[in-house]
Amino acid sequence: MAASGPVKVMRGPHEATRKVRFGHALEVGGDFVVIAGPCALESQDQVDQASNAVKASGGHALRGGAFKPRTSPYSFQGLGEPGLMLLSEAGRRLRLPIVSEIMDAAQLPMMLDTVDVLQVGARNMQNFALLRALSKVERPVLLKRGFGATIDEWLLAAEYLLDGGNDQVVLCERGIRSFDTTLRNTLDLAGMAYVKSKVKLPVLVDPSHATGMSGLVTPMALAAAAAGADGLLIEVHHSPATAMCDGPQALTPEAFDQLMRGVSAVLNATGRRMAGDKPLAAVGGAR
Amino acid sequence: MAASGPVKVMRGPHEATRKVRFGHALEVGGDFVVIAGPCALESQDQVDQASNAVKASGGHALRGGAFKPRTSPYSFQGLGEPGLMLLSEAGRRLRLPIVSEIMDAAQLPMMLDTVDVLQVGARNMQNFALLRALSKVERPVLLKRGFGATIDEWLLAAEYLLDGGNDQVVLCERGIRSFDTTLRNTLDLAGMAYVKSKVKLPVLVDPSHATGMSGLVTPMALAAAAAGADGLLIEVHHSPATAMCDGPQALTPEAFDQLMRGVSAVLNATGRRMAGDKPLAAVGGAR
Amino acid sequence: MAASGPVKVMRGPHEATRKVRFGHALEVGGDFVVIAGPCALESQDQVDQASNAVKASGGHALRGGAFKPRTSPYSFQGLGEPGLMLLSEAGRRLRLPIVSEIMDAAQLPMMLDTVDVLQVGARNMQNFALLRALSKVERPVLLKRGFGATIDEWLLAAEYLLDGGNDQVVLCERGIRSFDTTLRNTLDLAGMAYVKSKVKLPVLVDPSHATGMSGLVTPMALAAAAAGADGLLIEVHHSPATAMCDGPQALTPEAFDQLMRGVSAVLNATGRRMAGDKPLAAVGGAR
Amino acid sequence: MAASGPVKVMRGPHEATRKVRFGHALEVGGDFVVIAGPCALESQDQVDQASNAVKASGGHALRGGAFKPRTSPYSFQGLGEPGLMLLSEAGRRLRLPIVSEIMDAAQLPMMLDTVDVLQVGARNMQNFALLRALSKVERPVLLKRGFGATIDEWLLAAEYLLDGGNDQVVLCERGIRSFDTTLRNTLDLAGMAYVKSKVKLPVLVDPSHATGMSGLVTPMALAAAAAGADGLLIEVHHSPATAMCDGPQALTPEAFDQLMRGVSAVLNATGRRMAGDKPLAAVGGAR
């Protein structure tokens, strides 16, 4: 790495994790946060059902893709701007910040008008033109790790943002490629814990994309909480079987509710808590 | 996989995890177990200090290598049979079953005289001559996943044991190879959870070899407990800095003690418990 | 892949490889072509020396990066537009088409004014906004495989271009990630041969980025020619030791000249020939 | 690597490739050699047809597995000793040395009675008990690279043999695991060329196992010859469709004959020759 290694993302001695504000009220990097919603925004009804479920179970922010980076040009590419409006309205109604993926710098003006957090997806982690554009705006960025990216490359992509002037950056581990293709990706939870120990930015985990199987989302969410992640990205859909994108990895509202309870309990067991939960003393947490 | 896929290791509908007995008293596959000790057996003093520490903190079995499969012929190759005697004596003194790696079928008679559990290491996972020999003995086998092995290959290696007549098999995930070499290996915790959901054999996790960094062992141990593993393999050394093998990943007795407390709390938070702990009702665990 | 797999890039029964024209005179997809030049454009002198060397040894097109997608924001990022001018002048002077990487759709107008072939780099292979923009222009695209991309993902990225209306597409294998990091990447030559057998687009090989070591560039160039590739991308620099980017993998003019002779001989031995070489009969080629 | 890195396998300055004798007459490490035959030995008729074809097309040694390390216990495991006898008789009849895989040290006495070269398969590359046993015999060893093994690990496995006293060692690259599973493995031809440049042992390439597709075997054989390999391992079967093991990657006698001609031409084009061919001057080879 030498002279060209990451500098500004690194945690100094005794330096605390940076708090990054999503919207007006949510702080990421302190208590544990859960950002949830559908993979792709599909319709008013779908967005409302998913958003209501996220809110009802204590989720802290809404996620949903309007512009979808699909491997094939023949797959559903997202609703585009109208989809963003649906998510924006749900966010306003439920008083939850919204997170959505930006695919190109040209979308910035419109995205800045609607979303609270700009997500950079795995496929664009090294789209340096996009990173430079995002480094110049005053809006938090959620930077997913590329599925073919080393930890150093991931941190240096974040360094582009900080070096350019935007220090409101949150990282998200979402699984990497390995020779074993039984699951969609290989969740690199130890890599996440390593990054937490070296970097001052908050680090989230996305067990939905990492595993691609709804039955593994909750075990990996619990594991991420136990391992020290700052929060989660979870896909929720009222009818996974009919979802237009990534249905097999989406949780139903019921499963999401169980996940939230389980994660709270694990956090308390490790001396932490879910954002919005009562202080630990009140629940008798350890450590 | 078709006709040559795994059959006998698979979990039937509503079938519980198989209980595998280690020595006289320990059951693996029910309450959570922790097998700990030094990577390589080095001396009477080292074995005693590590073993006492494991016992004092509530560990359930001792591990230690007498025959070490080292990448280089110029690295310490283990004490051999005298090392095994040291471990055996420690086990008898502390009333803990002992686990040690077998590298070749020719070692079987001696190993059967001394160890309670025969470990097959990652590099020998597809040493089919060894697996066939082990399938004919009445002694439990702890089968580690090869770092280059798919989940199917791992299960089929276990199938060799069951098909040959030995159904006392415990699996252990210890990290796989990926393009990211920041850490020693990439711990495939989601793969472990997937295997748990498909297979009736108990599944352990070895966060020491998976990460190669002592600072990541406890976070990954907590994660493994949260994700549903049946137990852990942990390397403990009273002086990691002077260990003859894999010192950077060994926990001190103090760190191991903290790990045990943390894991207990996480287990309770998910409605499970550490073997030997009081029943959950007594500690007010959730679920 | 099912309904969303690649269609338009696939080779029909008895369909020949598509010929793609680079500039006025060069055809890719028939006789073997070599595109060479410096990794990054640095100065008038450097561009001239490399370009003259490429021309003198029979290279068919010039390559050089003006906008460099560097992993670290602290590495040399390229000369930008002035660099492009240097390459453009060299191309005009030597009557060779020029190839340069485009990093963002916003650069399109300027690039269309200067370069004959628009290169999409490995890090942008799934930058779908860029691919869509490129699908609408009448200019050939050289699409490199992402180092974390499967063959299917690569072909589907090309499918975005063809589906959008641009069928002047040339593929380039440049090495993928694997667990072995001895070399910069793992050149997937068998993957190249597989793609050649399935797809109608020309496929090039870039042994410079794939290996990262100048001593391996010629062996892999010969191998690529023997395995049926349609051409090569080669980095040439008059002083690799002082290059501002990727010096260790650059060939000197002398080494490049040897490569060209060696490749010609291997092509003739397999019944093919280097573009511009005399017809096979004249050199007594085999098959 | 430091103190425990490979030493005895490394090539000294100006040191030539070691010549390793297979049987009485064949030398590996000088002119190019081709070792071919069926994956698994099945019957007298099958062994004879394959062996005759190998001899007729100029192959230099026979290969065939009697003890097959199969992923599943339910796959055909090989004929065992009777299979070895069939291969041995074919070798004697055709005056070709024979190569077969040894899976366990216990098979050594029998193998020493029948085979000229002891092959260690990919799955046993780090079976150190086997390597130590083989280091004590006077018989050449063909050491395949493990599909999950780094180059360093491969060289250190060879170092076990040399350090133990057996310097008659030939290496064989046969493909490694990567995230792309389109083909059976990813042939690491650049890794082969790197090893050739560092190590004094001969290095062969096995394109049959590396690709798993007969249509890619010849392109990769030509590529291996062009890249400087010392020889090939090729699977040949008179009826691939009915082969009991790995039929899809086997060449018919006709395809094998074409491969041999093509490889000869490529060797000549690079100033080398096939063992047994006329001297280069007679065929007008280049360089």
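The first chain written gets the first letter, and so on, giving A, B, C and D; residue counts start at 1 in each chain.
To be clear about the criterion, a contact is a pair of C-beta atoms (placed from the backbone, for glycine too) under 8 Å apart; a residue touches a chain by one contact, two chains touch by 3 or more.
If you're wondering where the values come from, they're calculated on a predicted model, not measured in any experiment.
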{"item": "Maximum centroid distance from subunit A, chain identifier (CA atoms)", "value": "D"}
{"item": "Selected interface, A-D versus A-C, where C-beta contact pairs are more numerous", "value": "A-C"}
{"item": "Whole-Å separation of chain centres (CA-atom averages), subunit A against subunit D", "value": "49"}
{"item": "Separation of subunit A from subunit C, taking each centre as the mean of its C-alpha atoms, in whole Å", "value": "36"}
{"item": "Contacts with two or more other chains, residues of subunit D listed in rising order", "value": "148, 152, 177-179, 181"}
{"item": "Contact graph of the chains (line, ring, star, complete, other)", "value": "complete"}
{"item": "Residue ranges of subunit C touching subunit B (in the complex, touch as defined)", "value": "148, 177-179, 181"}
{"item": "Residue ranges of subunit B in contact with subunit A within the complex", "value": "148, 150-152, 175-183, 186-191, 193-194, 197, 207, 210-211, 213, 215-216, 219-220, 222-228, 261-262, 265-266, 268-270, 284, 286-287"}
{"item": "Interface residues, subunit B side, partner subunit D - complex", "value": "1, 3-7, 69-75, 103-107, 123-124, 126-130, 146-149, 152-153, 156, 159-160, 163-164, 177, 179"}
